[in-house]
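Below is the structure I would like to discuss, written out as structure tokens.
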Amino acid sequence: MMPLSNLATVVSEITAAMQARPDRGDVATYIPELARIDPARFGIAVIDAQGNVVTGGDAEVPFSIQSISKVFTLTLALGKHGDRMWRRVGREPSGSPFNSIVQLEREQGIPRNPFINAGAIAVTDLILSGHQPREALGEILRFMRFIADDETIQIDEAVAASEQRTGFRNYALANYMKSFGVIDNPVDLSLGVYFHQCAIAMSCRQLAMAGRFLVHRGLNPTTGLHVVSPERALRINALMLTCGHYDGSGEFAYRVGLPGKSGVGGGILAIAPGEASIAVWSPGLDPNGNSHLGRIALEALAKRMNWSIFDG
Amino acid sequence: MMPLSNLATVVSEITAAMQARPDRGDVATYIPELARIDPARFGIAVIDAQGNVVTGGDAEVPFSIQSISKVFTLTLALGKHGDRMWRRVGREPSGSPFNSIVQLEREQGIPRNPFINAGAIAVTDLILSGHQPREALGEILRFMRFIADDETIQIDEAVAASEQRTGFRNYALANYMKSFGVIDNPVDLSLGVYFHQCAIAMSCRQLAMAGRFLVHRGLNPTTGLHVVSPERALRINALMLTCGHYDGSGEFAYRVGLPGKSGVGGGILAIAPGEASIAVWSPGLDPNGNSHLGRIALEALAKRMNWSIFDG
Amino acid sequence: MMPLSNLATVVSEITAAMQARPDRGDVATYIPELARIDPARFGIAVIDAQGNVVTGGDAEVPFSIQSISKVFTLTLALGKHGDRMWRRVGREPSGSPFNSIVQLEREQGIPRNPFINAGAIAVTDLILSGHQPREALGEILRFMRFIADDETIQIDEAVAASEQRTGFRNYALANYMKSFGVIDNPVDLSLGVYFHQCAIAMSCRQLAMAGRFLVHRGLNPTTGLHVVSPERALRINALMLTCGHYDGSGEFAYRVGLPGKSGVGGGILAIAPGEASIAVWSPGLDPNGNSHLGRIALEALAKRMNWSIFDG
Amino acid sequence: MMPLSNLATVVSEITAAMQARPDRGDVATYIPELARIDPARFGIAVIDAQGNVVTGGDAEVPFSIQSISKVFTLTLALGKHGDRMWRRVGREPSGSPFNSIVQLEREQGIPRNPFINAGAIAVTDLILSGHQPREALGEILRFMRFIADDETIQIDEAVAASEQRTGFRNYALANYMKSFGVIDNPVDLSLGVYFHQCAIAMSCRQLAMAGRFLVHRGLNPTTGLHVVSPERALRINALMLTCGHYDGSGEFAYRVGLPGKSGVGGGILAIAPGEASIAVWSPGLDPNGNSHLGRIALEALAKRMNWSIFDG
């Protein structure tokens, strides 16, 4: 590990470079509440192995984590249901956009992986089973606060309501899976929880805090307790690498070389195993639905810190 | 890094365990010459960062490397054509079997990545351009001998001829790409080179030798010369991780956690960056066309040596 | 036209032959209410150009017309919206099963034709626009009673409720189209009307009565009024021929040679232009979801009466 | 039947109207030899039930019949192999463009119908079996001359050679089917015959003559001999209706209402059962690859003569 001063310099320089760039991608418009976000925002937070927190730009501004929540609900569901969970979700890259329904028809309603929408809905449905939506959502929120060590994390109800009114594609995916028996609960209930988990608002700092257990073989360094077993932490990282950026997962691995998970709110959580938990935020997206500057910032960071997992 | 004696013990125990297992998968039958291989074969060779070679089982028996050759022709083509090569091949997992033609129709003849058959044929076509097939093949063979530091490596002409007679699916893929202008040379010539590169016969030891430059940021430790730049070596590793096992790439990343490339001959080359170049061979395949015991052996090896790239 | 006595003989012989056959296909099980129907039922009703009604077997027993209703809602929607209707539904065979969602993804949410489920839901949504579901349903039912000249036709509420509880695939299709803006009304309302129209119960006699306007260039022979223009009647026949039997439409045209529309309740309405309106009912289905004996009976009838439209 | 004078008037008026239209579609460019044809050409020939021949425009100019040949090779193959032929080709509309390969992957190499390219290649391969390509081609040509009653019909060798050099998509289809065992002969030989059959040059008059057996229940009115059985003639008509215009088959049935088969040379053969054999030619194509003015002319003709098979 390089000294903190170097990391601070690198983060500072990357922040400046990103803030100066004119190319910002396009802010997601299909969720009306997200369409209003200022595309000029850029934030970054890095927490190194010693627990030092280095931030840049809008690192303290909460944003909608959206699909990044899928990493945490997967972790929760694996904790509750173990490997039986894999009966209803696969572990392969989908080769299709995040909201594609074609793959579901070919594969009898079993989503390709837990990071496409269909897969994440199936995971949330599993967390819901045996509970009221309010309880399931409470459990998810408590888990986020616990791993981030931050009781202030909240759900943005306006975003959740916005998706609940307009998320027809997700209603289609959930009903389609239900027709194959992959969804146990009433579709409206599972999607209610799903839309709320996606509407959790977190800052880069909070998100980087929440990702630490994936850096340290499942260990939460604050509490010294294991969030998941070492093997499971490694495997969640593997899924983030192969499936974390939808149809741009190969490109992210090729350019950045870190496990990561993006959300259409413009956030990306990336893990440098043993080194650092990283969160970036820039609301403009590339054509695959991943943060345009977020990816570029992570590529620069991984390169300058020699953090690529494909390096020796 | 653990001491050699530990690696030797681990390799020896894994070899014994694999040789004792009754489950071996099914030997590929669609290439008649390969169908005759004894499914009881198992070999492994590991070359660590100090250049120590540890082997087990049939590590000196040559086998048909088949699709593992795609790693080396990709390396060659990138060296000759640089990033222009990516105009005709993508970098994303395909979400489809190795010989699927569906993706080509949807994406205007551009293969998803260089490790599915269509992509590798397009790469070989690029190496061929401006040359006679004999010259292109000579260049590929010389490159293999150079990086493996072994002049005895040969092509198995019977296997090449067998594929040339029966490889109709590959003829379909190549003609299909040619209809979109993605293949420059006459299809028969490009496929002639392709079938011969797949028919290169190598032992686990030779293959592990050939993989060393991917362990050491592009450097061939024997010659001290760079085969490719550090950045390119990392990126080839990234492609192996996301796309190296066809429709089982996610599963391999999840279970083994190393960049790797399989061939239907039953071989797998795996890279533990900074640690080791690894080749395994067991002819029986799983339903995705990857060596059944080869994958299991690599999972055990990566776990016992703590080599997963998703670990800290 | 052959004399009535001949038609009566033919219908009688076909009825006897069908009743004696052991092969009956499988009753649809995905709608629980339909799964209870006795597979031994067989009915047929033929109304010739002079208005003679010839029946056989269970011709007076009401059954669930299911997708046969699509012919009538298409007729209604064309009457109300004219050719503008074709902006949201195509006119080509789908090459896919009746409930496939793949085609919708490829073609931006526009269903291939009005006789697959997605297309029929889009048509019903158009009929609903500007009305309450109750009004729209009333209009459909009045139209059915009018063209069949029979005020006793009813909706089977148990069947409608059964589909409303379990029709997840149709909810998926409707939400998917709504995500593309192809559905105007709230999905639950459009599907409410759709499930009720499918649950209309009619006997073979009533159904054959309702089909007469398609035999006579749009003219209802009872009232002497045009239900639709001659050109439109021909075109509805054309759509029934190319798309009326899902993925078995080609086979039906090849074997029977008449425009027809099947329903999973086991009914088929077939039109011999200028000659006869025909309804058959046998609840057992073939793998494409069309009445097994119904198709065989129609093939025999068309052959013996020389009614194939491909004949001179 | 209307008197000849009326048919002559109708044909003459349609010819004048077509010749005056500025919209002509685009001449096929993927076969270089066809790209040179003058798009201003328009021809029509109608042979009525009494054998009267009515022509308009360029009715005597030979053009490349291309896919229209598929009707005749299907007829030949059914004559030689009977219904066993259907083991390797289906009878359903494909829902895909004429040269799509996607459907083949989903359905194990069995083409959807004999009128898409893959299906026609499979049919030609069957005709070739047991023969030299020259013999098979001779048989096809003799059959064309026999049913057209015209010994001057020839193959345009320049067109055949042009396709043989550039028909990569067809090479892909044939190799793909061969990988599933659907093609018996060496791909180059089957395609050699196929490209030559497509390169047969015929005028509208010759083509209309060749189609007469489909008007008269399989009977060649010149010789009084049956070319095929009545049932088979009807069924070939049914296939032309459901599958004769690729992805525009539904539209052709909807607008024209006659069985027909188009070719990318701009010709269409249409059958009015019991009434007339019709050939039109206009080289400009619509987006589905069917003659633009040819379809419009046939729509006008069918309407004015009341020939739609969906009419009483």
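A, B, C and D label the chains in the order they appear, each numbered from 1.
One rule holds in what follows: a contact is a pair of C-beta atoms (placed from the backbone, for glycine too) under 8 Å apart; a residue touches a chain by one contact, two chains touch by 3 or more.
Just so it is clear, the structure is predicted and the values come from calculations on it, not from any experiment.
Trainee: By label order, what chains touch subunit B and subunit D together?
Mentor: none
Trainee: Answer with same or different: of all residue numbers used at the interface between subunit A and subunit B, are over half used by both copies?
Mentor: Subunit A and subunit B contact each other through largely matching residue numbers.
Trainee: Measuring centre to centre with C-alpha atoms, which chain is farthest from subunit D?
Mentor: Between subunit D and every other chain, the largest centroid distance is to A.
Trainee: Measuring from the mean C-alpha position of subunit A to the mean C-alpha position of subunit C, what distance in angstrom results?
Mentor: 48
Trainee: Distance from the CA centroid of subunit C to that of subunit D, rounded to the nearest Å?
Mentor: 32
Trainee: Rounded to a whole Å, what is the gap between the Cα centroids of subunit B and subunit C?
Mentor: Spacing between the chain centres: roughly 55 Å.
Trainee: Indicate the residues of subunit A shared as contacts by at least two other chains.
Mentor: none
Trainee: Pull out all the chain pairs that touch, please.
Mentor: A-B, A-C, B-D, C-D
Trainee: Which of the residues in subunit A come into contact with subunit C in the complex?
Mentor: Touch list, subunit A to subunit C: 100-102, 104-106, 168-169, 171-176, 178-179, 187.
Trainee: Touching residues of subunit C toward subunit D in the complex: what are they?
Mentor: Touching subunit D: residues 49, 90-96, 103, 112-113, 215-217, 230-231, 233-235, 237-239, 241-243, 247-251, 253-255, 257, 259, 273-275, 303, 308-312 of subunit C.
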